[in-house]
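In the two complexes that follow, chain A is the common piece, with chain B as its partner first and chain C second.
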Partner chain A sequence: MDAVLNALRYLGYVLIFPGFLFCFMTGLLLAGIDRKLVARMQKRVGPPILQPFYDFFKLCGKKTIVPAAANKTVFLLAPLLGLAALVVLQLFIPVFRIQLHLGGASRDVADVIVILYLLLIPAVSIILGGASTGSPYAGVGLSREMVTVLACELPLVLVLLGVGRYVGRDTAGGICFSLNQIVDYQMESGSLITKASLIPAAIAFLLVIPGETGNHPFDAAEAETEICEGMLAEYSGAPLGVFKLSHAIKMLTMTSLFVMLFFGGVGAGVEHLVALMGLTGGAAAAVVTILDILVMVLLCIVVTAVGISLVHAVTARLKIEQIFKYYWTVVSALALLSLVLVWYGL
Partner chain B sequence: MFKKLIAESTGKSPWLFHINAGSCNGCDIELVSVLTPRYDAERLGFKLTGSPRHADIVVVTGPVTEQSLNRVLRSIEQVPDPKCIVTMGSCPQSGNVFRGSYSVAGPLSKYVHVDVDVAGCTPKPEAVIDGLYLATQILAQKRKEMKK
Partner chain C sequence: MSHINLIHLLNPQHFPIFTIMLYFLGAFLIVLFGKNRILRNCIAFIATGLSLTLLILLVKPIMINGGVIAYWMGNRVPAGGYAIGIALEVDALGLFFGLLVATAVFVSCLYSFSYMSEDDNEPQYYTLFLMLAGGVMGLVFSGDLFNMFIMVEILTFAAVALTAFRNRVTGALEAAFKYLVVGCIGSTCILAGTILLYHQAHTLNLAQLGTIIAGNLDKNTIIAFALLFIGFCTKAFIVPFHPLAADAHGAAPAPVSVLISGVLTKSGIYGIIRLAYFLFQLMNLGAVQFWLVFLGSVSMFVCVTMALAQHDFKRLLAFHSISQIGYVLAAVGLSTALGASAGLYHAMNHTLFKGLLFLTAGAVLHETGTTDLGKLGGLSKKMPWTTVLFLIGAASISGIPPFNGFASKWLIYQATYEKAVETGNIGFAFVTIVALVTSTLTLASFVKVTQSVFFGQLPKECEKAKEVSFGMRFAMSILALLCILTGLLPNLVQKYLTQPAAATLFNVNKYINAMLGTGLPESGAAEFKPIGVWNPVNWLMLLMIALLAICIVAIASKYDAVRENKTEKVAAKYSLFYGGEETEFSQVGGGDLFWGFKHNWRHYFSFMHDLHSGIVNDYSLWAVVALALAMVYALIVL
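Then we have the complex of A and B:
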């Protein structure tokens, strides 16, 4: 009986709450808000907020053309691989203190290292899919995508080291890689964005977000005007829709990671608020859960607006060597500054 | 429910692919102006794509020269169904001032079924948006017929 219940619970996690349905809805909503905000910043009316949903369902209704030169299995399975990795990834990003009962080890199943690995898989899947078509545009696109991924990785790791060291110093010692401990720490001693030594790291992470998601100005790999959207050039119909969906979900993944790393303390505010309302027991837990999710989505929208939309509206696309140089000098320097400050006890 | 969502969405998310078939560049610029802040066709969901495989609506400009004919037809074949073909300007429709020239193979309607013609040299952005909007409705209609 317990086994069946557990299986059902896992299925619910994967398919509904932090899993597929939640990712689908919130991811596409974020993408829609991003397009609308960019339009408003350019003094346009902009598409309806639900536009990415229309795009996705329209693509599902189109015919899928598989190029004669393509490896059919890889061509069709690559988009699903990327989507699956992102949905699994979302399971490991905590929503403040909401508990997922993942067997015995409830909260520390996966840490930042696993998230770093999983973040690579969507990029690998799009490279696989593009390479399987044999299109020269895809060839150019995938070499650029690999450089972008490499460029983003260094500052991302440095930021995570800085944050881990800051939290680890005050708790267990060493470097803390558990996201749950990082969130717990923030709920007791305030969000990390308020610590002076970590502000450069927060800025660096904010700059990594558009690079990881492949948004303007770091979208040289998918430049539609010069290389026909690169690796996606040969994709059509539902597989293309899944890639667009993965791109939207990646926005949610990166922004929610930012929220949990730097705004984790907001969860304590939610708990105080519910306590003030005089609720106790099960009702309080339910209200806290709902409010936590809402607050996280709201913060994700704010981070999207600042980190993705604003940057998109004010910049033009960079060349690939400029992207690499930018990440390995400016952004890495910011992250390194934080790391050094934290290491010397600030 | 899934089918209903697809039917609902087909007309609301038309992605454009633009083919220049020997145009003088006048219509090409005018098409881009449709997407600028002043006319903002993106509010209807229009988006310019880089690959014919992503497109729903193919916009052809220019009188379809002998040089470009084969490439135009091959590009149009690569657009997955349901698709719509819109000609922009008088050139692909009738040949305009280039009619009868030794190097012009047009009009386009000799070779493929054209859904919407937007006439003018060059057409006003309002006319272009109107023509494209008509194309989205034809697109939704085609999707319905495709299922039968």
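Then we have the complex of A and C:
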């Protein structure tokens, strides 16, 4: 009986919230808002906010053509694997105080360092998909994608180590990598964005977001004007739609990771607000949950606007070696500064 | 009377010597009866299979019940306070490495049956193969220093001969010669160190040496430590001995590469652990910890960058092998319970995934006749099984969850960072960072291999390639399965294998007591406190649900695909034009794939390129310099 209930609960998590359905809606919404914002910043009218939804469904209706040189299984399976891995990853990013029961005594299935590596799976699957087409454009694209991933890795690692050390100071081990505990900590002692020593890390993470999602100006891997979207050059129809969806969901993943790491305590006041409204019991819990989700999505939108759209609107695409240099010098230096400050007790 | 004796032979006490004997006996029997193919294969199979079985039977008494087998040859137990007889001693650490050796040997023996069947001199191959296996097994189980040296000699010469086994291949003799020269420098160091110790302590028994030398160092024993340390470093190919490995792996047949990388390097690591933890008991000193961790981190990083610059499949794998050994050394050097456990875990995984990768490289070589990344491509359509197995191996070594490489690397990240926090030394945090970044660099270079060997365009030369025989696929599948299992069940692996083995490192007196019966006080169980959370089974379950759901939606919504026509139009699509002229097909290939990365590190790469001259004189000089530095450092800090 327990097993059945567990299976049903897992199914609910994966399919509805915070899994597939939620990711689908919010991810594409973020993508739409991003496009609209960039357009407005550049004094264009821009597409309607729901444009990514239209695009997705239209792509799903198109015929899929497998190139003659491609390995068909990998070509078709890679986008699905990437999407599944992203959706599951989203389950491990807590929404303020909503606890998913993902099994075991511990509340976590994966901590921040694991999430860092789970983030590689979607990247690897798009690389595999691109490689399987045998197209030379894909070859160039995957080379650039891999270098971008490499470039982002160092600053991300530095940020996470810094945060882990800061939050873990008072715990027994001296380090804390559990996202749930990081959020709990912020509920009690305020968001990490308000801690002076972690502000450089937050900026570094903000700068990493467009690199990880492959947004402008760090989109050398998909540069439409020179290498025809690189790894996606041979993709068409539904698999292309799935890749586009994955890209949108990755925006959600990265922004919500940022929100959880640095704005984790923002939802703390919601409970008092609900109490003021005179709600109690189940109704209060429901309202708190919905408000929590809303606050998170709102914050994600803000982070998207600042971290992705604004950067997109004011910059031109960088060359791949510039991307690498930028991340391993400027951004890493910021993150390292935070780590050193935290290390010496600030 | 006779049947009582036979029953006595089934006592686990005798199993260690049996495993060593089986390998050597097999080797000699193959010399005698090896002309017949079936008989030869049977002897090799029984020798390797039975050894593995015997060691698995030892898991319960040693790993789970915490026993130690001390075995005196001819029952020459210590008398008059001196342990003179030849002794074997198997504790959890020895058994752990023994299991790794036996597994790798067994699998690569299975693979050899079909892989080597077209070579000349097959009987000699199996003789050398089993000699190498027996040498490493003897080294791991030996209870005295001189026999360790003997076994090092046996395994070095067997490995040299196997490296040059396909001596018609360009570079094979050269590689063997390089290995011979530097390997002999290493062996000589070990002999010299052994002599110095014998001079000081008048015994060669490891346990007794432990009681005499530890805490009682003088200049002679310190020099001996440096000599032995460098000697075992050459066996593990730690920087600066890494170029040898690349040459040796490039030339050796694939199953031999499995032994060199999965077994021989482990013997070096085992030697270093025995030396630093048991013989000299120096690991509580910060200076020695720094020494090991520093060497480990340098090996990690230098070798992964060297691998990125390679354009030969097997040489690339060789450098990665040492890079991963760097992880092991760094983790073991932390001298914490978690670090030791993580390091041993990674040592095990290294044997599994590296073995798998070398075997897939062998399969590619077998079918196409080349391992040059620039000449290969598109093999995934011709060799689907090999591709899948390669991807499993590549994901494991690159530390992609949920494969085993991630499980152990993740423990290493934690162990190094925990050490950093405990000691307040930010230097260890940099080791964590190097380890994390190295892991991604590893992924990058395996993306390169995937793209240029298994995907991309199929060159004309490779069109005849087909899937390898069932025997080879079977051997590879065993390793792939183990890669997945040890990745998904980290708790079981830790509980039954790595933690008992790691615990012995912090309970040296148990080893000494079992051997000499001295009754020294033993320490309690070491404390393991992982800080992170990772539950691979749950993750996999969730992923499966998600993947299944998405696949159902995809199939239901007619995610059907039309294969593009193979007309001449398609060929034109892939044509390349440089300056308006159509040129031959060219991949974005081999060495230049990560231009964006290499451009920024160009000074480093050109420096490394100049440094690795490929001249054996230079590499010998490096060995001598390393020895001198080790001696000076040891004399200063100890």
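Throughout what follows, the second predicted complex is superposed on the first by the 341 of 346 C-alpha atoms of A that agree within 3 Å, B and C clash if a C-alpha of one lies under 4 Å from a C-alpha of the other, contacts with A are read in each partner's own complex, and residues count from 1 in each chain.
Quick note on the criterion: a residue touches a chain if its C-beta (ideal position, glycine included) is under 8 Å from a C-beta of that chain, and two chains touch if they have at least 3 such contacts.
What you see is a predicted model; the values in this text were computed from it and never measured.
When both complexes are overlaid on chain A, chain B and chain C end up sitting side by side without clashing.
Looking at the shared chain after the overlay, A:Ile127 reaches chain C, while chain B stays out of its contact range. In the superposition on chain A, A:Val45 contacts chain B only, with no contact to chain C.
By the touch criterion stated above, A:Phe20 is placed in contact with chain C alone, chain B being left untouched. An angle of 110 degrees, to the nearest 10, separates chain B from chain C at the C-alpha centre of chain A in the overlay.
Between chain B and chain C, the partner in contact with more residues of chain A is C. Once the two complexes are laid over each other on the shared chain, residue contacts for A:Leu232 go to chain B alone; chain C is not touched. When the shared chain is aligned, chain C comes close enough to touch A:Tyr117, but chain B does not. In the superposition on chain A, contact of A:Cys60 is made with both chain B and chain C.
Superposition on the common chain places the nearest Cα atoms of chain B and chain C 6 Å from each other. According to the touch criterion, the shared surface of chain A, contacted by chain B in one complex and chain C in the other, consists of residues 60, 63-65, 237. Across the interface of their complex, chain A is touched by residues 2, 5-10, 12-13, 15, 37, 40, 42-45, 48-51, 53-54, 56, 78, 80-82, 143 of chain B.
Those residues of chain C lying in contact with chain A across their complex are 378, 380-381, 384, 391, 395, 398-401, 406, 410, 413-414, 417-418, 421-422, 426, 429, 432-433, 436-437, 439-441, 443-444, 447, 450-451, 454-458, 529, 531-535, 538-539, 541-543, 545-547, 549-551, 554, 557, 559-566, 570, 574, 576, 586-588, 593-597, 599-600.
Those residues of chain A lying in contact with chain B across their complex are 35, 39, 42-48, 51, 53-58, 60-65, 137, 223-225, 227-229, 232-237, 240. The touching residues of chain A, counted against chain C in their complex, run 10-11, 13-15, 19-20, 60, 63-69, 71-76, 80-81, 83-85, 87-88, 91, 102-104, 106, 108-111, 113-114, 116-118, 120-121, 124, 127-128, 131-132, 134-136, 139-140, 142-144, 146-147, 149-151, 153-154, 157-158, 161, 164-165, 168, 173-178, 220, 237-239, 242, 319-321, 323-325, 328, 339-340, 343.
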